[in-house]
């Protein structure tokens, strides 16, 4: 009897193409911790993963999205920190893991968590209202000529959007007054309503208003153009947006989207999630999502990931220091 | 449903006697509350002043509103304090009688214990203990009824939250032993 | 009348057995999560979202929106019967709904709540049907100064209303505003009043405070009196329903005013809470004897419920048309839409007609079916009142704790809830009103953020609040309301009020 049960188990394992290390598996529902509010980019990504895992039967236990956007996401970081040794929580992290400890003196260090994988890189685009200037050069000229500084919308204070604004000021010499909104969606509608002159939203945050012809992308903050060439609007695809460098303003910034376990996870637990998220990146749901949101595909894990994180951390730290956002 | 309005009046032999002596007067409680609020206002006000409470070039600093709110709260409680002290001489209104205090404690203390138990034993064990204990000791309901009700209610909550809706509640050693 | 044809098409999409069954299932689940404190609309929808992943988008959204209606209806049940508001916007419903239940008029209060929810939603759905494109452009007119003006209006409509001593209202409101400020300040990105505690980092959650202030403190107060819930059986008989409905026309001004406030605030995001309070306050302000509010006046149930539901429903409009969720629940629905590959935004109405009109049609049907369903199932929920208090009290305590914990999965919140329970008990006994406190706790942060964003945009110039017709008129209205007692007095002196009085006698 025992042998046959084992055989069935092995066959099932083969069917599920579970690799040889099939040692550990979650026994409780897995919480996917989102360090942002409902409907934001992280939340959407978490729900996409939840759907991809459920539709493709990638895990026996259900996945629960748990929103911990309090204190601009600091809540999620402290939650992960205090959940040391609990392998049923996965954080979907972005650049806040470097920035929040610096700007708000939050006692958190990403090195205390267990890295799983980097799953995507998010772009930043400079947008203005479609009634505004048509190119970056005209935009900068208009900003310089304006009697009161141009209003730049973004998400949160002393975060990636704010840093980018400061850099834009430094590189162009134009002055902006930065308006920190609660979400990228809010920044998008405020731009459409002409309450701000520009914003530095991620592609996903401005996608719909762009398609409706209400905003115009001026340039993307990366060293190369976005790779997706399918038409998004009547005339343009993501690949048609010039880089800021092409337009003469050399500002670059990419934001990671990475998965972390709490500290002190065992190698087996880590391996399970590496495998899980690797499978997620192979699903059609994930691929469609990446293209729609114009995310840059990447999959890093293990040593590569740590090296990437270290470099990214150093870069963010220097940007924050230069912008004067590091709390004393 | 029946067509007539059913009035439910549970006979309560332990209802508080009306002539129970007063434990503390309203004015005294008001004085204490105002003093506490004053202390809170001072603490928060100081913290905001430290954060920065001025109006700079781009509008108010983070501590600006909370700082002035702390001052308003302080002012309000100071006024309340004086009013309460004056009222104290005039009328003595009862805040709570001894019988009432005993009854409030009869529900407050178990609630407090329940919170503490939740922290260490998990929510489900704590709620079982609270319901069974409260029904038996305070409500004087038969032991088997108390235990059964507590068990059924806790089980329903467990199935609803932890099993059906995946809302994960705090767990203790019992759940760990059962592998949840 | 293009809208009408499209709506009929929407009904055609819906009227299949499968969709109707899904609708019923959604409504029942919704009422269920609405009655459980701590679940409520946004949490309930979020939890049930995965159930719909395998459905087609139209069925899924129909089911989810029915869960939403069900939760809205269900929330009123606990507010009225136990004084525990499941949602922020049910707080104003407890002011008069709970006293009514205590006087043995629970059936009346529940009927009033359900009926006015229905009316509010219906007005909002009509609005969505016929004015969708126009209204979405109105929402775009709202920048930070306009938002601040709306919040100011809500606060101003509150001042000077209570029967309590003025300094107690001041204490209550300033304490609420202060506590709302704890945590991270989004405008500067700095922490404040956290004293280095990681627990205070996320701030004080409004619902945790409300569960303590209303739920726990009510148990303490009830216990003090006698060992029974001061409630009566809430059997909803046809007679009660009909008698409430017969009186409806009397309150048409309140219903209309609240619907209007609700729709207006729902379209400008984040309005349902403000709407319920404002609806209540204005009903009280313009009533002939404002003192009778808070003691169990049916108008005090009609006003906030109509406004909250008109607002909750019309909040779906900016979500669909602009992609900005007007409420927490709308935000979850937004996330749901994305999962099915539908991107809310200006193009949704053009590219996914079937879906949009199916949803709008489901709002009509869901509402009607929901009303019937709640009116028939209330006796079941209300029968809880017959269980001995010694059994119900600990169960309510447990439910409150589950509710407080589930919001942020934090043990600290259970302690916080207990603390607010004590505060609520003491405040009620020494006459510090709780309503301004809760209002301040919900809207305080948003008002401050809006104010400071306006200041950054305007370079610190206060004139921005009169910089255009829209913001100028809202701000002026707010100030008029603030000084209404004075203005009212002046009008009285002129003799205008005198005639009014004799006319009614």
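By letter and in written order, the chains are A, B and C; residue numbering begins at 1 in each of them.
Keep in mind that, in the parts below, a contact is a pair of C-beta atoms (placed from the backbone, for glycine too) under 8 Å apart; a residue touches a chain by one contact, two chains touch by 3 or more.
On a predicted model such as this, the values are computed, not experimentally measured, just so you know.
Centrality by C-alpha centroid: the chain sitting nearest the overall protein C-alpha mean is C. Chain pairs B-C and A-B differ in how many C-beta pairs are in contact, and the one with more is B-C. Distances between chain centres, each the mean of the C-alpha atoms, put A farthest from chain B. Centre-to-centre, using mean CA coordinates, chain A is 33 Å away from chain C. Rounded to a whole number, the gap between the C-alpha centres of chain B and chain C is 23 angstrom. Per-chain Cα centroids separate chain A from chain B by 41 Å.
The set of chain B residues touching two or more other chains comprises 58, 166, 168. Across the assembly, chain A contributes 62, 177 as residues in contact with two or more other chains.
Annotation for chain C: residues touching 2 or more other chains are 185, 187-188, 190, 409, 456, 459. Considering their complex, residues 33, 36, 39, 43, 47-48, 104, 107, 165, 167-168, 170-171, 174-175, 177-178, 181, 185, 187-188, 190, 192-193, 195, 216, 219-220, 223-228, 231-233, 235-237, 239, 379, 385-386, 388-391, 393-395, 397-398, 401-402, 405-406, 409, 411, 414-415, 418, 421-422, 425-427, 429-430, 432, 448, 451-452, 454-456, 459-460 of chain C touch chain B. Interface residues of chain A facing chain B in the complex, by the touch rule stated above, are 27-29, 31, 62, 64, 177.
Those residues of chain A that touch chain C in the complex are listed here as 37-39, 43-44, 47-48, 50-51, 54-55, 62, 65-68, 70-72, 74-75, 78-79, 82, 103-107, 148, 151, 156-159, 162, 177-182, 185-186, 188-190, 192-193, 195-196, 207-209, 211-212, 214, 288, 292, 325, 327. By the touch rule above, chain B contacts chain C in their complex via residues 1-3, 5-10, 12, 14-16, 26, 29-30, 33, 37, 40-41, 44, 47-48, 51, 55, 57-63, 65-66, 69-70, 72-73, 75-77, 79-80, 83, 95-96, 100, 103-104, 106-108, 110-112, 114-115, 118-119, 123, 127, 130-131, 134-135, 138-141, 149, 153-154, 157, 160-161, 165-170. Every residue of chain B that touches chain A in the complex is listed here, in rising order: 58, 166, 168, 179-180.
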